[in-house]
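In what follows, chain A forms one complex with chain B and a second complex with chain C.
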Partner chain A sequence: MKKYILLLAMVAGMLATASAQTYVTRNGQISFYSKTSLEDIKATNKQVFAAIDLSKKTVAFSLLMRGFLFDKQLMQDHFNENYVESDKFPKATFNGSFTGAVENKPGKYPVQIEGKLTLHGVTQPVTIPAVLEVQSGSLSGTASFSVKPADYKIEIPSVVKDKIAQQITVQVSIAGTPLK
Partner chain B sequence: MKRIFVYVVLLLVSATHAGAQDSSLLKLLNDSMDVQHNHYAVTGTFKATQLVNLPTTESPARKNLQFMIMHRFGKLNDGAYALFGLDNAEIRFGLDYGITNRLSVGVGRSSYDKTFDGSLKYKVLQQSTTGMPVSLSAYGLVTHFTQRYSDKPYLNARFRTSYTAQLLLARKFNSNLSLLLAPAFTHINLVPTPQDKNDVFTLSAGGRYKITRRMAITAEYNYLFNNQVVSTDVSRSLSFGWDIETGGHVFQLVFSNSRGMTGPYYLTKTTGTWGNGDIYFGFNITRNFNWSKR
Partner chain C sequence: MKRKKQLIIAGAVLCLLAAAWGFYLYNKPRSGVNALQADTSITADSLYSHFAGNEQQANQLFGNKVVEVSGVVALVQPGQQGASVILAAKNDMGGGINCSLASGQQADNLLVGQPVKIKGRCTGYLMDVNLVDAVFVNRK
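Right after this comes the complex of A and B.
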């Protein structure tokens, strides 16, 4: 009987330590910016699902393309209808791992994230420099990188070519809490 | 034996746990996302606020102003002498403004009969990915023609006014195909003879099919029920269009046997027939202006 209790305690302890290293959020923020001399376009998604496992050094993101909100409703409609085709490809996901030491005490730690970004049904390898910040009971992260629509087979018709940047800047900001 | 069993269980538990942790951070996210966010509004049912003449469930978003030019040339069967109708044209200018994302208000002026019109469109139901299968908008239109007739001095303001109410029921079946069904009731204050009905019922059906991401083919048919308009030889309005969207503009190239572009005219006063070649070529152009900052 004692043994059982011991084993149970071990299992429970193992689960606890493993999950304490995983941080998740359902309201991470991702914005993208397209700057040209003719038009600035900006959209923000505040419903990004993200998870970081500090022990395994893995990172994952998942978000609905429809969650991106634009200043102009028409732009938002066109974004979903014509560019990223949200009906066919509702989600964008990222799955990867990071290198760089992140200690289990409060502080900021620069890391290098490598992984696969899937957008508009196309998967591309990406490398993203990021900063992870450990606080007591939470983990936040910020990153900025750029994406070429052409790499993800997002066609930009010639009439609006001058209004949409070739390189879109993406900014990521998340604050995760331990997975329970 | 018991001890071995326990250790095996422990081993299994730890193995599955590790495995789950390792490969499935993304799976974990996707699973919880599927539970939380499987429900959103279906947008982009149609490209424009009208198919050809028939209003759609689309309307300008809040604080958006849409300027529209509608143009109908003469009949194709006017022949080469009138350059197949291009020699003369009817035009309508329209402005539509989104008060909320569901409610819009519009004004317009057609050269046909020198008619002014005012309209309201309200989205009652919004199609969504789960749950609501259709979008439903209510559309109300008042027209008032100002053409001067020296031989009809009795034409006062009341006699010049007509009303149309339409229920617009639409469903986007997939990203390419959307269909629209629209019963309508038109009240015409003055009709030519006592046998003509003042209250006219019609049933319209239409749809669009996207041929590329930015182009669509549209069609609409407006069925006028028998024995309502009897003094003039009216036919039913059948129209086809080709929508081309570029940024803030939508161009629609249209062919129709109706020359009028607002409710009472195309629904109850269409005289052309396709068979005779009474086909009016024309176009609708919309331009959207935006003032909202979110």
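Right after this comes the complex of A and C.
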């Protein structure tokens, strides 16, 4: 009986730790940049849903493509209608896990995230170097990586080819709070 | 000869006008929703239940449309580039209407439980139903 109670206490303890180590946000930020000699293009999505589980070392992102906002209306319309086809493929998702030690105490921890990015209906493996920062009661993360539109079957018409970079830089910035 | 010259000048002026119009359209800033009339006026509960019930159908009804939503503030999240206000909606998942405020919209004095009416462009459904470029229509 004592053994059983001890086991229950251990499982309850583990569950408590696991839930305390899952951080979520529904207002993470992902921006992308395209730099060419002809034009710089930038768009930002401030409603990224992200979950990071420190105990399982997993990372998941989900965002709505129409949530990317551009400075110029025409660019935003072309992005949604012609390039990423937001009506047909409304979401982009990322699921992965990270390697690198992240302690449950305040500090900055560099990690390597490996996972699968689904964009425009195409799933590709990606590796993302990131920095996780544990603060008291929150976890923030920043990352930067490159995406090739061609890898996701995003066709850029030849007339604007010189204005859009072959490699798009993606920057991620999230600040999660513990899942309650 | 004079007529030919006139035609050339008229053609050149037309080309210039077309180029100027193209340049204007190309550089036109993103239009917010401030000057636009809402396509739909709806409560936060009803909007959320449309998406939770049938996301595809709700996307056809509200996706990329200007929606005016009435509800009560559940959460205010300040951000470096504009705050987000989450309106409460009836559900077990903790979801709501996530309104990303347009620049210039203040959320500083907003209180949890305060009734508001917010207009924004609906981008779809994740954990919340998301609105972008959101502006306050009414703050009681």
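What we mean here is this: the second predicted complex is superposed on the first by the 165 of 180 C-alpha atoms of A that agree within 3 Å, B and C clash if a C-alpha of one lies under 4 Å from a C-alpha of the other, contacts with A are read in each partner's own complex, and residues count from 1 in each chain.
Here, contacts are C-beta pairs under 8 Å (C-beta built on N, C-alpha and C of every residue); 3 or more make two chains touch, one makes a residue touch a chain.
All of these numbers come straight from a predicted model, not from anything done at the bench.
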item: Joint occupancy of chain A by chain B and chain C, clash or fit; value: clash
item: Touched partner set for A:Lys46, first chain B, second chain C, both or neither; value: second
item: Which superposed partner A:Asn27 touches (first chain B, second chain C, both, neither); value: second
item: Partner chain in contact with A:Ser62 - chain B first, chain C second, else both or neither; value: both
item: Partner, of chain C and chain B, that touches more residues belonging to chain A; value: B
item: Which of chain B and chain C A:Ala150 touches, first, second, both or neither; value: neither
item: Chain B versus chain C as contact partner of A:Val122, first or second or both or neither; value: neither
item: Stretch of chain C penetrating chain B in the combined three-chain arrangement, among 3-11, 21-29, 75-83 or 111-119; value: 21-29
item: Footprint overlap on chain A, where chain B in one structure and chain C in the other make contact; value: 26, 47, 49, 62, 64, 66-67, 69-74, 80, 87, 91
item: Interfacial residue positions of chain A with respect to chain C in the complex; value: 26-27, 29, 44, 46-47, 49, 62-64, 66-67, 69-74, 76, 80, 87, 90-91
item: Contact footprint of chain B on chain A as seen in their complex; value: 3-4, 7, 10-11, 14-15, 18, 22, 24, 26, 47, 49-51, 53, 56, 58-62, 64, 66-67, 69-74, 77-78, 80-82, 85, 87-88, 91, 93-95, 155, 157, 159-160, 163
item: Interface residues, chain B side, partner chain A - complex; value: 3, 6, 10, 13-14, 17-18, 21-22, 25-26, 28-30, 32-33, 36-37, 40, 43-44, 61-62, 64, 101, 174-175, 213-214, 245-248, 288, 290, 292-294
item: Chain A contact footprint on chain C (complex, rising order); value: 25-31, 59, 63-64, 77, 79, 81-82, 84, 86, 98, 100, 123-128, 130, 132-133
